[in-house]
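Below is one structure, written out as structure tokens, with a few remarks after it.
We just call them A, B, C and D in the order they show up, numbering each chain from 1.
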Amino acid sequence: MGFWQRFLKLDRRWIFLGITVVVIIPLIKPIGLPIKPTKPVIDLFTYIDTLGPESGAVMVVTGFDPSTMPELMPMEQALLRHCLVKGIPVISLGGLYPAYIGMAKMAIDEVTEEFPDKKSGEDYVFLGFIPGVSAVILSIGIDIATTFGNDYYGTPIDSLPMMSSIMNYSDISLVVDVSGTSTPEYWLMYAQERYGVNVGVACTAVSAPAYYAFLQSGQFVGMLGGLKGAAEYEELMTRKGYPTGRRNATIGMDSQSLAHLLIILLIILGNVGYFIVRRGERKQGIIMRKR
Amino acid sequence: MSISTSIWVWIAALLTLMVYSFLYKDNPFYRLAEHIFMGLSLGYTLTILWYNYIIPRVYEPLFLPPHQWSLIFPILLGLMTFGIFSKKYNWLIKYPLAFYVGGYAGLRIPLLLQSWIIRQVEASFLTPDKFTSVYSSINAILIFVGLVTTLIYFYFSKKREHGFGAAANVGIIFIMVAFGAAFGYTVMARISLLIGRMQFLIQEWLGIM
Amino acid sequence: MRRKLPLIIAFGIGFAMLIQYFIPHPRSEAFYNVIVQQWFIIIFAFMYIFALRSFFMHHITKVKKKKEGYIFSAVAMVSVLFMLLSGLITSRGPFFDSLYNYMIAPLQGTMFSLLAFFIASAAFRAFRARNVQATLLLVTATVVMIGRVPIGDYLWKGMPALVEWVMTIPSMAAMRGIRIGVGLGAVATAMKIILGIERSYMGGE
Amino acid sequence: MIFLLILSFSISAKDTPDDAGGSITINAYNIPEGTQRILLYRLAGGDTIYEEVGLISIFKGEYDDASVVDGMEYLYRGKAITEDRAYVAEIKEYISSSPEWFNKSRTSVLLLLILFWVVVLIYIQLAKKNPEGLFIRRLPPLEAMDEAVGRATEMGKPVLYVPGIEYITDAGTLASITILEMVGKKVAEYDTRIINPHFDPIVMTIAQETLKTAFSEAGRPDAFNKDDVFYLTSEQFGFAAGVDGIMHREKPGAIFLQGYFYAESLILAETGYSIGAIQIAGTNATTQLPFFVAACDYVLLGEEMFAASAYISREPRLLGSIKGADLVKSALLILIGAGVIFGTIAFIADNAGNPTYMEIFNKILEFLARAAS
């Protein structure tokens, strides 16, 4: 009985040590556990997979900063790779707030390095940040060229060959907001409901529960939730033989699996200890005061 | 094994370790990182305030042609906040506060009604497409029961007796399931933050992988 | 009269911003833009003077009185000026960006990542089957955690589907109920401000 | 002879409803098979040549011409171009655009607003007449406030009050100010110190005034130390780092986490637990409720925060507004319930071949959904 009482009072720093070890080991020596894609991820993947060079552009919107990069950068890069390999014209929007442009640039630079034949202005367009948030979303519905004027590199939009057939939402078959904040709801309110453009979302695991309601009501075409969503997308890309880069999300998943197992183990042991201690106390008539 | 040679990466790595030292116990290294962080972030906020707000919204429209003299009124209202410095006139600050808080209250009411209430109610309507299969019908009914009992749990002005009490007890079950689910669902997000930092330390700083 | 006037202002501007939502006319749009983009922002900017005053007063008194830990207050004040000056002098040039990318961003990311540790210790401590509600919390959290990682699929093929179900049916229904409740409460609070019933934001008297 | 009615390609034009004017909406109907592009031309009143305006989207068959001048009269012509030929359609009468003074698509919001306003006002008047009649269910976190401040005083430790990291415009932050006033009075009575770090300058200024009044109302105006209400920083995790530092150095006996929190909620709550303080949390941030429920001793769930001021002060007008909000909740419940019953009847009738109910039902849904745009 003494062991369990000491276990229940376990100094939380042992737990911190456990979490650190469990996260670091797979990073140094990957284990490679298998991944099973779920419906929201398959829906988004299949929708994009049905598109082609003629079926309207895909707009990928960057909405994350360094703090949510680990979860969302692999998603944005997987989406960009998927569009480039399928030849779908892709517009990368550098975000509705200034803080995101650095991430957008990092995503597009790293991915376009893997596709040397793809040219800016022909296969993809990179739009910089302009202030206005919902005003920007609304004016994209009228005319992209007049809204942005130039792309991120300063070239006028109407001189870009890819943009000749893309004027506004009616020429965009999907907008995917890769966001760690609540901007996907703006895209639903101002883009989908106002102009009827399809919207997909790639978000952090913490915002995913809130978006299930929009997924269930059909407002979102599909959803990537958290690192598992990114790893599932990478898995679907591999199964189709598309290039997947270093598969950062999948490597991260090994650490995730071990960390989750550790926490579950702690919860179970915690409860086992709780019942043993309580039964012991009831025998001796001590009531455990609820602190 | 190529350890980073960039001074910036070293600064970032040291700051990271100083914050993590807090997990062991509060110590001068954490305290240093804490105060650097508070100072830098306040400096950053002020810079953003200056470039994104004061210059484009106050200085330029006022002092550069075409001068927008109507800006004098909001500035006067803003100046009234200085009343707080004097004992006699500290009631002056009530005017800009009333304007700011009252204005936003009015602005938020319709948005709240629309996105937090009407949109949620509209989505709870049981449309026929939800009754396509036995499975979806049971789910539709479960959602309806969950919604109604949760709302009943949050009733303030009715004693929780017999029928009403039973509904509230069902409501708390749905609420606890929702909280447990959200908690479990978020573990992954938090762990991935740590993975990100560990990748920075191991790959960028120490260059192991 | 001095007490009544601010309440009348709150009612006036509050009611105007309320009905503006229903009027698409360009004049109403113009009114909205002027108020939001000028009046609100100018008042907001003025308030930052108080933030600075409180920040520096708080830390200067600590340094002057040599209170315990006054060096750190000095560090905080130097950091503010260092970041602000580097932002203004180089007008947010590369050095300013490096300060953000290599000091603020890592500090932000590391503080955020503390949650990985705290969520584990909170789970260990709080998830004890003391009563029915705590047991529900604990069981659902554990099931969702197992279902979220690939290993969950091994225990039982239907695990991801179960997690989907828990997230999209019971959990979504309760969250929707809570959101409606919070929405109603927030609207009631906003109304009380406009009607002048809620006055504590003006110092309560 | 079966008369094959070939529905010919046609367009219609109307002043874009519910807008600020300056826009005419063109709809294209029976778009011929294999149409690649639909060009739109416009003839301003008095001109003679049609000028090209834009492309009508084939996906939606709609185009908003936002380059028109209010009051001017226009004629439109659409040309659908397929592989081999072009189909032309015109509108006959002149059309002009004008701004509207009321956005009809937002009627449902207006109705709910009026219902809410009327109900709350009625109940406030009723509450003034017989204040005793109004019941409010028990809120354990508020009853624990006394115990928490008392315990902190026993141990000679200060009380820490964190008002969340949102601006004063957020309903949770406003509710937090009213709770701060109550805690301030308790702290003044028990003659304990209250530490109140801030994220936003406006909330800080208000908190200083609120606590000053609370202390003077509790009869101890001199005990209030203005320096204990101070500004930390306006960055989420910088603020969390600062508050964690205060927790470890000041070792408060009771911690209040009341307001709108983001991800840093658990950083504060877990550090608060580690120093052994009683923690009373409350937030309208639905995503953070699970973490407070797990880590804190007492939690005000969502709208329970808004009931706090009415619960403690028992002021008739506040009780009345709570009762009013409850009544609107019942109205919504009845609306949803009626929607379910009517929906099922319409569904059964529809299957039995009588679609009228289903049309009405869809109209109601559409009426509600339109408000969102």
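Note that a residue touches a chain if its C-beta (ideal position, glycine included) is under 8 Å from a C-beta of that chain, and two chains touch if they have at least 3 such contacts.
Predicted model, so just to flag it, every value in this text is computed and none were measured.
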item	value
If a chain touches subunit A and subunit C alike, it appears here	B, D
Interchain contact steps from subunit C to subunit D (minimum; 1 if touching)	1
Pair joined by more contacting C-beta pairs (B-C or A-D)	B-C
Whole-Å gap separating subunit B and subunit C, where each centre is the average of the chain's CA atoms	3
Distance between chain centroids, defined by C-alpha means - subunit A, subunit D (Å)	25
Euclidean distance of C-alpha centroids - subunit A vs subunit B, Å	19
Euclidean distance of C-alpha centroids - subunit B vs subunit D, Å	13
For subunit A, residues contacting two or more additional chains	12, 16, 19, 23, 67, 189, 205-206, 208-210, 213, 216, 226, 228, 256, 259-260, 263
Shared interface positions of subunit C, touching two or more other chains	18, 21-22, 44, 47-51, 55, 69, 101, 104-109, 111-112, 114-119, 121, 123, 125, 127, 137-138, 141-142, 145, 148-149, 167-168, 171-172, 175-176, 178-182, 184, 186-187, 189-191, 193, 201-203
Shared interface positions of subunit D, touching two or more other chains	106, 109, 113, 116, 168, 171, 174, 202, 205-206, 232-235, 237-238, 241, 249, 263, 286-287, 289-291, 293-294, 301-303, 307, 322, 325, 329, 332, 372
Chain contact topology (line, ring, star, complete or other)	complete
Interface residues, subunit B side, partner subunit D - complex	19, 22, 26, 30-31, 33-34, 37-42, 44-45, 81, 84, 93, 97, 100-101, 104-105, 108-110, 113-115, 117-119, 121-122, 124-128, 131, 144, 147-148, 151-152, 154-160, 175, 178-180, 182-183, 186
List of subunit D residues in touch with subunit B within their complex	106, 108-109, 112-113, 116, 134-137, 168-169, 171, 174, 202, 205-206, 232-235, 237-239, 241-242, 244-245, 248-249, 287, 289-291, 293-294, 301-304, 307, 319, 322-323, 325-326, 329, 332-333, 335-337, 339-340, 343-344, 346-347, 350, 358, 365, 368-369, 371-372
Residue ranges of subunit C in contact with subunit A within the complex	101, 105-106, 108-109, 112, 116-117, 119-121, 123-125, 127-130, 138, 141-142, 145-146, 148-151, 153, 160, 164, 167-168, 171-172, 175-176
Residues of subunit D that touch subunit A when the two form their complex	54-55, 57-60, 64, 66, 237, 263, 274, 286-287, 297, 372-373
Residues on subunit C engaged by subunit D in the complex (per definition of touch)	18, 21-26, 28-29, 44, 47-51, 54-55, 57-58, 61, 69, 104, 107-108, 111-112, 114-115, 118-119, 121-123, 125-127, 137, 175, 178-182, 184-193, 197-198, 200-205
